[in-house]
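Next come two complexes built around chain A: one with chain B, the other with chain C.
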Partner chain A sequence: MAKDSKKVVDFAAIKADLGKDFKPVQILDNDAKVVNKELMATFSDEQLVDFMKKLVWERALHEQTMNFSRQGRLGFYAPTLGEEASEMGTVSAFKENDFLLPAYRDLPQLIQHGATVAEGYLWSRGHVLGNQFKARAIMPQIIIGAQMVETAGVALGLKKNGEDAVAFSYTGDGGTSQGDTYEGMNFAGAYEAPAVFIIQNNGYAISVPRPKQTAAVTLAQKAVAAGIPSVQVDGMDILACYAVAKEARDFAAAGNGPVMIETLTYRFGAHSSAGDDPSRYRTKEEEQPWFENDPLIRMRKYLTDKGQWSQETEDAYVEECKNSFKDALKDADAVAPEKVTDMLKNTFEVPTPDIAKQIAEFEEKESK
Partner chain B sequence: MAFKFTLPELGEGMAEGEVASWLVKEGDTVKEDDTIVEIQNDKSVSELPTPVSGTVKKIVAQEGDTVEIGDTLVEIDDGSPDTGDDSAPAAAKEEAPVAETPATEAPAATVAALSEPNKLVLAMPSVRQFARDKGIDISTVAPSGNHGQVVKADIENYGGAASAPVATSATPTAAPAKAATQEVKPYKSDNGEAETREPMSPMRKIIAKSMRTSKDISPHVTSFDDVEVSALMANRKKYKVAAADQDIHLTFLPYVVKALVATIKKYPELNASIDDASQEVVYKHYYNIGIATNTDSGLYVPNIKDADSKGMFAIAKEISENSEAAYAGKLSAKAMSGGSITISNVGSIGGGWFTPVINQPEVAILGVGKIAKEPYVNDDGEIVVGNMLKLSLSYDHRLIDGALAQNALNYMKQLLHDPAMMLMEG
Partner chain C sequence: MAKKSYIQAITDGLDILLDEDPKTLIFGEDVGKNGGVFRTTQGLQEKYGEDRVFDTPLAESGILGLAVGLGLTGWRPIPEIQFMGFTFEAIDSIAGQMARMRFRFGGQKNSPVTIRTPFGGGTHTAEMHADNLENFFTGVPGLRVVTASNPYDAKGLIISAVENNDPVLFMENLKLYRSMKDDIPDEKYTVPLDTAKVVREGTDVTIVAYSAEVNESLTVAEKLAKENISAEVIDLRSLSPIDTDTIFASVEKTHKVVVVQEAQKMAGVGAVVASEISEHAIMSLDAPIARVAAPNSVYPFAQAENVWIPNADDIEVKVRETLSY
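Let's turn to the complex of A and B:
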């Protein structure tokens, strides 16, 4: 017996193999070279320019909104610099009647999906009207991963109603460590609910780097345990993000159950407008290659080479976008501030005795 | 009327921030979204863009000031006519927090803290550290921040409270806000019976303050060097008698003064001051050489006015006169102001190299040590007994680079090594 050194199970080999099947999907690489001609051929010039404009729009939204935030004109805002392809590419693949469950870094997708910028700004200020947009979506979730469970529920509802629609949701690399993410995927998988879970792996959960987040070499492999298919995609390639999300949407809408997508992207700046300092938890050497991998660079180069884009076009569009955001802020400013009684009255349709007492109390204060 | 740009809440739980630097000055034209100021808070430095376009009318919070959320940073004339509206909301805002913290609550909290060490105190880590550094029990500080937060200003203003442990040893003068920003740590000892305490003399307090201020203002660097001065010693020996005939005591110091004048003429950065307010370098076209003079009552720095136009004997005479006046406590303020650069001489009492502290607002000080007999390789390559004068030049590294300082020292060494050169250049 003792001389038999053969292992019953080669755990080391199993461990080494975990996640190795995932190869990120890419269409246009960082040098603006087409690496997947077949998929590239599915895009018209018009579509490509539209994608470029969405990237520029989100970057401008980030810049202008961060300015508003530092000027004290807005509340909380989660910077999106660097994640434009991941966000715009995926959201563009969904239809108007699909149900979006965003996290706090996903205001740009919420706006693309039908909310107004002014509503986004009201949400940032904590105003209740910021939650009452026309888009088929819930307000951005602040609790990490909580929207993943909700997504499973919404998706199941869509299925029960027999709608041609899917629920789609976003969280980050940190969100995958929450039990909710697994629970949501597991539940949706068990009921074959039409859900698309999008994990934006931007490298950091506030200050926790991705390698310290989990021992898993990919986040995509976390779907395996829930029995749902998953894929990694170059999160700096808007075309790949779109193509993958579209495929996922079609798969889920056809009644095949949920899909999980991991986009490989990078948060260029701080976690939030609340002022953390990335230089305290990562190095310039680490950041630089990502900055050079900016999602706008490859699209700009590709379209400029094709004669479909120019710096002047971009500058003018940035200006146009920023002016529209300034107008949106004015619209938000024009909304009367919420009163304590508004909040209390919104809590229950029929106020409880306690709340009724508080409403009376605050109505008296507010009338002064 | 001007738009008032107030400090926004830049971080979660942030109650205040420090103005790190202004990127604009009064009178500048700014465009909406231009970055105008950098604010340092606990977590990071944030660049703040202006919300309006216009002209910077008044910078209200200066660099280094700690400002609370809602405090005005700058007034920008954006041409808006809303004078009345402008001040009204500000006043209303100020009222609100006062109402939220009832005056009755604060003293109650102070009393409760004594019997309740586990009391929940809301304060940022930096504020807690600040309180510890000052030896103040933070649970006894009445909070003035939002939601009952203790802010830095509360700690600073705490000195007035009766239970302050440092109050007994602190000076009775009510500390103004500026002084309070300096940390005051009590000296504690386990061996008090073997120590005695004496109040600091006013002069000692002034020295302590000016030394500390100088080190705070100027990043000091000191270059050390030595120079062979046999020729200088021979020269002095020769003319000492002639000087004595005129009742003048000729020391080495006048030579150093002369050499220094020639040096700062050649390197005008050494004869300058920095105007921090305007970010300008002020070059002086006069040569008033200060001589640090140690007396029983303290250190004085009278200066030789217009040393460039005075002969060696006149300088020697003035040094003696100033020294006597210093000992007699009869130096005028004028004799001690308007200096170019200072000489601190410890050589006469046997000192060597040291690191003198700049006499503000000057930007350099020359430390002169003893002349020591040391092996010296002369021009012929022979080892001889040299007379080595020790020089230490401390300079304000903001203005003076190391190479410049060394070049200046090299030049001065030439003059001191060969006093005849001073006739040429001095």
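Let's turn to the complex of A and C:
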């Protein structure tokens, strides 16, 4: 029998400690109490109202778009209810010249970054014009994780160009399980490329809850292995999301290499407009506290108490936003349907001989 | 016996497989509590427990790598890849690993994995949720590729696929999932992996198709029957390997053939069928082999899908051209 010996390594203790260093950054808590006065002082009153308006804009976009979707007037759309602070807070920290790589739930950020709502609707319908926006960005990525590796490439390209710009990308909690997410962070880290990776942890990947994705207690700690700094932030606090993203952007832009941000938020509704039923995999008891943690509530209360916001202001702004979305749908409706000949022409720079013949065939077919 | 949809027929087959063989395992994204995004694994976790039917983290190469490893330790994995377009994430696990494992071991070990995945278009999905990647996968030696055109075959084929010790890619047609019902026997039955089926007998022309295009071809055959034209329709069912004997026998009878596929024309299944016929049965033909296929663009965005995908009208044109050659 071996003598009782001291453990060489106390793996159990190490395991218990993993991820303990991360404490979510917060500025305004759910009761609209300022928990970080120093950071709060960095915002002007005007900025605060602007953030409130962005939250309301995204909420209105969600409601109106879901409406259109229910009427069968759009294709695929990923609802964003509950994620407004996480999305608007982070995207607001970036500059026009920064390069955005969004996922399918990030249409609102793409629009804030310079695409039009009509383009967003065309994308949803599966029309190529929806991908031809002026914003410095790629179209919302359908393949989960693909944008994360591409972000490393874009960031390296920007660095080689000597541009004052960063690459920033979004994926979800589920997306962090893809090898691509690690590879993207690792490559960007290895090249000290200016990238900001934003993980929107909304608790679910369709039906799979966040704890089933990984044994890691935080997603932020996944950056540690790639040697890049990371942070968790209260994803229901738009001010904290903005402040953290701004610092990340500045850090990356200054040549210090990439940063990863995990926003803690919640997908209030179904996974997509095709409708899945969350009651199959989660309880009302779980949902309720999150609903009470709605990102609009705290900002609304804070600004209303300060006399800078009112229900009337909000109602009028919602109306204005929704009208603009209705106009956007009209713009999308005015676009001629896409043709197979266009798709064939877009496949290679110069149509190959086989495709040239097929273009001729479809020209005849589509002119009928 | 009960009327069942394509999805329900597959669920039925999976249920039998889980029940009969304690080594079978179902796993993938959302297959557990949620029963899969199309409900194909509905109720199976409840019935067989989380040890047998479980959700995975979101990573396709993880899912199929896991399947290879489980296969090496005596398990019989039936992983699901949520949409066929996501198999790109796991090409090495499929083509570089599971398809070569038996070969590498000199026949001593197998990869008894059946990958289930929905494919095909016509349902207006987001990009990469509709695709026809069979052209790609039928080029992988060591991998079987099968697909059913109806609920009856779907149940029998999934059972054969899982019980077979080779890796099988089991492609499930999205458009057929809920659009057709068959009488499905409650008990176990199998549909052989290597055989095509003559689904309609005829004497004037042979139409070779698979999956949803079989139904388009049958529509054409019925229409032509009213003009006393007799078309034979063959459902390939197995895309790799291809049952050429059934095709040759038909061609020797009809002397005319139209090969139909939903996938792009370049490379792939229809090209193999046509080349096999020209290599071994060309002397039986009275007209050139005709082909109906999608054009060689990237799979279309939802808007132009219905013009792009070959339908009964496209098939009819080619059949008439061939008949009047």
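The definition used in the following text is that the second predicted complex is superposed on the first by the 367 of 368 C-alpha atoms of A that agree within 3 Å, B and C clash if a C-alpha of one lies under 4 Å from a C-alpha of the other, contacts with A are read in each partner's own complex, and residues count from 1 in each chain.
FYI, a contact is a pair of C-beta atoms (placed from the backbone, for glycine too) under 8 Å apart; a residue touches a chain by one contact, two chains touch by 3 or more.
Since this is a predicted model, take the numbers as computed values, not measurements.
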Room on chain A for both chain B and chain C (clash or fit): clash
Partner chain in contact with A:200 - chain B first, chain C second, else both or neither: neither
Touched partner set for A:72, first chain B, second chain C, both or neither: first
Chain B versus chain C as contact partner of A:232, first or second or both or neither: neither
Contacts of A:126 with chain B and chain C, given as first, second, both or neither: second
Partner chain(s) touched by A:169 [first = chain B, second = chain C, both, neither]: neither
First (chain B), second (chain C), both or neither touched by A:276: both
Touching partner for A:293 - first (chain B), second (chain C), both, neither: neither
Chain B versus chain C as contact partner of A:343, first or second or both or neither: second
Winner by number of chain A residues touched, once chain B and chain C are compared: C
Stretch in clash, chain B with chain C, out of 148-156, 166-174, 238-246 or 382-390: 148-156
Doubly contacted residues of chain A, that is, touched by chain B and again by chain C: 276
Residue ranges of chain A in contact with chain B within the complex: 64, 67-73, 270, 273-277
Chain A - residues contacting chain C, complex: 75-76, 104, 125-128, 142-145, 174-175, 177-179, 205-208, 212-214, 276, 280-281, 337-340, 342-344, 346-347, 352, 354-355, 358, 361-362, 365-366
Chain C to chain A touching residues, read off their complex: 29-30, 32-35, 37, 55, 57-59, 61-62, 85-86, 88-89, 124-129, 265-266, 295-298, 300-305, 307-308
Of all residues in chain B, those that touch chain A in their complex: 5-12, 14, 33, 41, 43-51
